[in-house]
Amino acid sequence: MTRGAIPGAIFLLAACTSIHVGEPAKLSERDLSEVHAVLKRDFHARGIATMARIEPDSVQTACNLHHDHPPAEVARPIEEAQLKAIRFPAGELMGDWRRGQKIAESGIGMQWTDKPGSPSGGSCYNCHQLSPQEQSFGTVGPSLLAFGKARGSGAETQRYVFGKIYNAKAYNLCSQMPRMGHSGTLNEQQIKDLVAYLLDPGSPVNQ
Amino acid sequence: MDESRRKTLTRAGAASAVAAAVAAGILRPQDVLAAWNKDAFGQKTLADALKSIGAAVAADSNDIVIDAPQIAENGAVVPVEITSNVPNTKSIVVLVEKNPFPLVAKFDFLEGAVPFVKVNVKMGESSNVRVLAEAGGKYYAALKEVKVTIGGCGG
Amino acid sequence: MADPMKIRAGLKGDIADVRVLMNHPMETGQRKDGSGNLIPLHFIQEIAVKLNGKTVIDAQISQAVSRNPVFSFRVKGAKAGDKLEISWLDNRGERNSTETSLA
Amino acid sequence: MSLARWIPAAAFACACAGAAAQDAKKEIEKYQRMIADSSPVELFELEGEALWKKKQGPKHVSLEACDLGLGAGVLKGAYARLPRYFADADRVMDLETRLLHCMTTLQGHSREDATKRVFGNEDRLSEMEYLSAYIAGQSRGMPMAPGTSHPKEQAAFELGRKTFFYRAGAWDFSCASCHGEEGKRIRMQDLPVLYKPENARPVVATWPAYRVSNSQFKTMQWRLNNCFQQMRYPEPNYASDITVALTMFLTATGEGEPYRGPGTKR
């Protein structure tokens, strides 16, 4: 009797474990390897979207482990390494704001339906307000209205903007902004064009 | 309208079902009363469309009630509900002023029908929806502006 | 499977509240298919609503009525057991029709 | 897109600040109410009913003997109780996973055959989409109550919850990147914070759904598949444990909401 009752009681206890509705998950290292293993098992490569995309790198792991708020001693060295990996071109970093506008508006690219080698957009308007003329803008990121008007277009600012678009995580480790250059979404010239869209006094962003 | 267009059925899948319906006496060629107004539906401006249906002159009327959203999230489906309180309304006409072909629909209400209709229309861009009611040989008009937005990143 | 068509009708006093759903692409002639070819105009042009065999509403519509059209109408002087029939005819001469008994 | 001539990305309502934004929100809600009131989804339910009863597959039988959790062939309220644990498969399943199970076990289809065309288009829905419309429609008015008592159901919920907050992919996104903070939107589209019950409820109560923008009927498996596509991940396997786990997470979070779908969305 008693021997049979014990597993029953354990089962009941397990059955009563309440699920955690309404609470963000705080992922442990074990959770990270569990989810990673499930992703590996339950996803497949399609087109340009290869399985390499679910292999975690140091940024993702640190942010997952610290719920996007890593302590400075964790964040700093990774940010520095990300900054070092940015390939800043020599010379002028301002491209053509007109081309930049098209890149900012376009949300295509990097999906399994996209052809290999076809140029991607920057998806900027999905998350940011930029030109006052475009009413259909997202609010996941901060408004960049009059961005260059407020900051000017000096060499330092150009370098910062280029770097931020290339790899936002070099400046704020767990930023929700994709690493546009680092991930191979945008090339050097496209990022330069976006720098111009943000900083050029003639760009609609700064009107 | 020529009879041949009415009796030929081009789509294989539908053909047998319709043939059966005709055989069963459900459908008869004379079922549809008025011929489709090719001229009016083919007009590309509001003025020409109104002229084509003989409604170039129409008095504004508060007796036509248009219920439609001021903002439509997608122009592919814009619901419009219309009630005409103009006495003896014989027909209701729906136009979307800025569509490539403004005339969208004409509903004739015969003995027994209430001059009311709800229909989903396509709108190419923000525009006035113009509704006419025909009564006693005259046309009455009302307007409702609908703004069309496109939202989202396609998801 | 034949394209379905569906009438939903309810009686409020002697007024029948009618909603009809039609399966139709309502092609505008301006839409392209997967290979970039224009899909030809294909749309319902005429609709007839009949109560006990007598036409009560006769409609002409354009390609600007939304895909899979849905209409609501109201018919006076109706009673339980009355037969309501709705039919359409499109620009290719295809037709469909369905009927229901009011309850 | 091909609707471009009819629907150019022009003329946006000025949904700007303060009172104007409030009014705009109200009008958009009115639009959503009106398209739901005049939706053609019932047509898809009718086609789904015919498919449910149609003899198909190598064994030439219908799906009418399929047990969706409340007994063989019982449809009333079955969708509102999914996902749930099924002892015969020793797995937690959502509607599509269970239908796939029935297509292979009852009708004798191979998995490959049954999943050849699970996402349809505006000209022809997939069988899975028609069936989903029909079966979901049989739960209208019933509170969403997925299984949460079996250990495997709880494990599915927890896996879904962890995955929701796990960042990966080419753009470092988790589900929470877009659905984790109040008051955010992508372009003009509001982003519900889906781990919160008050936001999950209206979502789980209205999927699967008809999309008026492209005249397509979409299932929950499609919804998740398309999210991962936009997140720049590789593609999730259809009816895989991870997709079921995410649906379990969302549905259990939105538990209690009376089902009012299949929905009609912009």
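Note that the chains take the letters A, B, C and D in the order they are written out, and that residue 1 is the start of every chain.
Everything below uses one rule, namely that a contact is a pair of C-beta atoms (placed from the backbone, for glycine too) under 8 Å apart; a residue touches a chain by one contact, two chains touch by 3 or more.
Predicted model only: the values in this text are computed from it and were never measured.
Colleague: What is the shortest path, in steps, from chain C to chain D when you may only step between chains that touch?
Modeller: Steps on the shortest route: 1.
Colleague: Once you count every C-beta pair in contact for both, which comes out on top, A-D or B-D?
Modeller: A-D
Colleague: With chain centres taken as the means of their Cα atoms, state the distance from chain A to chain C in Å.
Modeller: About 49 Å separates the centre of chain A from that of chain C.
Colleague: Mind checking the centre-to-centre distance between chain A and chain D? Centres are C-alpha means, answer in whole Å.
Modeller: Roughly 26 Å separates the two chain centres.
Colleague: Between chain B and chain D, what is the separation of their C-alpha centroids in Å?
Modeller: Centre-to-centre distance between chain B and chain D: 34 Å.
Colleague: Could you list the positions in chain B whose residues touch two or more of the other chains?
Modeller: Answer for chain B, listing residues that touch two or more other chains: 76-77, 81, 100, 118, 120, 122-123, 149-151, 153-154.
Colleague: Where in chain C do residues touch two or more of the other chains?
Modeller: Residues 28, 30, 66-67, 69-70, 72 of chain C each touch two or more of the other chains.
Colleague: If a residue has to touch 2 or more other chains to count, which residues of chain A qualify?
Modeller: Answer for chain A, listing residues that touch two or more other chains: 126, 136.
Colleague: Quick check on the complex: what are the chain D residues that touch chain A?
Modeller: The touching residues are 9, 12-15, 148-151, 154, 157-159, 161-173, 176-178, 180-181, 183-188, 191, 195-197, 228-230, 232-237, 240-243, 245, 252-253, 255.
Colleague: If we count contacts the way the header does, which residues on chain A are in touch with chain D in the complex?
Modeller: By the definition above, chain A touches chain D via 14-15, 17, 19-25, 27, 31-32, 34-36, 38-39, 41-46, 49-51, 53-54, 56, 59-60, 63-64, 67, 110-113, 125-127, 135-140, 169, 176, 178-179, 183-185.
Colleague: Touching residues of chain D toward chain B in the complex: what are they?
Modeller: My answer: residues 3, 5-13, 15, 24, 27-28, 30-32, 34-35, 37-38, 186-189, 212-215, 226-227, 230, 266.
Colleague: Touching chain D in the complex: which residues of chain B?
Modeller: 68-77, 79, 81, 100, 118, 120, 122-126, 147-155
Colleague: If we count contacts the way the header does, which residues on chain B are in touch with chain C in the complex?
Modeller: Contacts found on chain B: 5-11, 13-15, 17-18, 21, 26-27, 31-34, 36-37, 41, 76-78, 81, 96, 99-101, 103-114, 116-123.
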